[in-house]
């Protein structure tokens, strides 16, 4: 019976190591709900066949143009200048909270270099504040 | 009901009223506007689901250790109340998600893991309902109650491990909570109020289980109530007003809480009545 | 009194119990001749409901295969030919077999049968959906891990629901939500291999899930029995 | 039949009896089935337990088989105290022939017996010998679910014979057996007795039990009521 107890202890050790590997390894980067604009650009080749994907980023202030059936805007990875951007074209009514500077997740596919989306989810962050303290980096 | 028995519901009632006032008086969010008020009911519901399942875990281990029937009753009651709060958190999250994200539901890791947690504990309740012998039921459900808890940390940490649509925790994070202080006060006030309501519900459920056990009649299988899951109807046009969403969320939250409590009380009154009859 | 015969080791007993289960399956054909064809029917029916959009089905194929394996695999683990009635259970307990040994014997037989079901269903899915099969050797470890993980989970659920009339309805509800890491890992292995990203993290995830489930089963089995 | 019979009589057991129950109460699914049972099973005897249907006879057998834990009272079986882990060590020396056959329906009679033999470390030759003793050598290759109740019964007796238990428990041993096969029960109990073990047989058939048993007790309403010696 001692042999089996030893096996149990060894099993615990191995599973602890595996769990650690999973959490601190790079699996987290694969298990994502959406890609960031820089990842989306880097993985363009994977999605050339019209496969749908989700891209999440911030709506670049001043880039929103209304079109007859939706919007055109630029999706940026971050607020600092020089971060990767994706040109997006969204068909359909925007979500209620949509504004420039806010985080959105778009679902759709590539057409050339433009990301054609038909589903838009607004991603709000964990920061809450009263309207008067309009801080920089809103979103 | 004794004086000590009435004190807790009274305190909980006052706390809920104060929490509601705080939630309505807190400032609107700079982005979400009035919709942020849904946070004051959604977050406490989710937090109490975690608390309930943690109590189930501790009581299950306690039963395996000491074999006291009381521990089994606490585990069962807490799991049922936890399933109720999980359902409430999902329903309220759905109501909050539609106007903010733009969808009722999406395949986000936090949402999916929460739904799985709901079903795992629904399985726990089904297992209890299927077993007649009290000792066998306690044993099976204690083992499953321990195994099922694996799900809970995964749900809580899902927003940190994976990039999700759902926002990461605001209060339970290292450093200063990233929230306006009056909003934080309203949130904490509601957490306390909901926890008191949870204590009332849990106590009522434990008492109901004890009364049923005491009755010991064959027809008294401790049938668990499935929580009031509000299924949003498809194709229903979303009201534009932010306040309409807040009112909807609050009526679901308080309606479900009140309904659940009323149901538990009614069941206990009936069990008592039947016990009186059989005597 | 009798000299106590040298009792076989628990590992031997596990193997013997698994062999007994497999022999019963060979006679009853429940997993491979009933459940597996039912799974194949499900694979055949989905395109009728979704619409016969060939490129779409090519995309959906691997995912549908794993969903069918998961859902019908649960039925395999709860097959009627492997039910120990009260009399058989008493017999096994009087043979000095512990609950843990019984559970792992059942898990071993489950794993073998689940592997068989996957081997039967995989060609059906390939023929019906014509998926992109680049990186297919990675499927083999994924199939093995799914078989073992689901086998242990099914055996655990079976032990929890032992002797209940609701066993066959309760089992799937208990197993399916806990099997999600396996489903997630299995579907992503092929996708990752297709896009030349290493499927190692996904196999690691599945292996971890299998190990955790096995440890949980080893620790819990004894607590499910009254008289130890 | 060349079965190992353990020719030298067993040394005197440490305790006075093979099994002893003191004030044992057992609940099954909330209902008290046994309440305050006092019972001693002596080495080398066949104890008959008689009682009406639902009086708790079968539950008593399962307590003696260490399969049920008493809700109150104490019990010792083959030196192990009921409810302790020591039971698992002695459990394999107890055999139970229940009144529903414990056979796997898809396996043949021989396979059924061989599986159990391999699980407990009994030699295959012993099993074959036992099958021959009960007259099943010819039908051993038949699937259990295609055998008559009498054949299943005989297979179970063969299994008990091969296991050579120290405590043999028989639940309604005569049910389903034809007149020719009833002698088998005497044969099996005799083997166990001669090896220094004990048998307990429960039945509602007073006459048959009196011919089989050395001593008969009666279970009435969950309690062992009367103990009567059977006239020799």
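To keep things simple, chains are lettered A, B, C and D as they appear, and every chain counts its residues starting from 1.
Everything that follows uses one rule, which is that a contact is a pair of C-beta atoms (placed from the backbone, for glycine too) under 8 Å apart; a residue touches a chain by one contact, two chains touch by 3 or more.
This one's a predicted model, so the numbers in the text were calculated from it and none came from an experiment.
Innermost chain of the displayed assembly, by C-alpha centre distance to the whole-protein C-alpha centre, is C.
Each of A-C and A-B has its own count of C-beta contacts, and the greater count is at A-B.
For the pair subunit A and subunit C, the distance between mean C-alpha positions equals 35 Å. The geometric centre of subunit A is 68 Å away from that of subunit D, both derived from CA atoms. Once the centre of each chain is set as its mean CA position, subunit A and subunit B turn out to be 30 Å apart. Subunit B and subunit D, compared by their mean Cα positions, are separated by 52 Å. In subunit C, the residues that touch at least two other chains are 212, 226.
Multi-chain contact residues of subunit A (touching two or more other chains): 31.
Across the assembly, subunit B contributes no residue that touches 2 or more other chains.
Residues 10, 59, 184, 188, 192, 195, 197, 201-202, 204-205, 207-208, 211-212, 214-215, 218-219 of subunit C touch subunit A in their complex.
By the touch criterion stated above, subunit A contacts subunit C in their complex at residues 4, 8, 11-12, 14-15, 18-19, 21-22, 25-27, 30-31, 43, 46, 51. Residues 27-32, 35-36, 39, 99-103, 106-109, 161-165, 167-170, 173, 178-180, 182-183, 238, 240 of subunit B are the ones touching subunit A in the complex. Across the complex, subunit B is touched by residues 23, 28, 31-34, 36, 56, 95-97, 99, 102, 105, 119-131, 133-134, 138-139 of subunit A.
Residue ranges on subunit B touching subunit C, taken from their complex, read 64, 116-117, 119-120, 122-123, 126-127, 130-131, 135-136, 139-140, 142-144, 146-147, 150-151.
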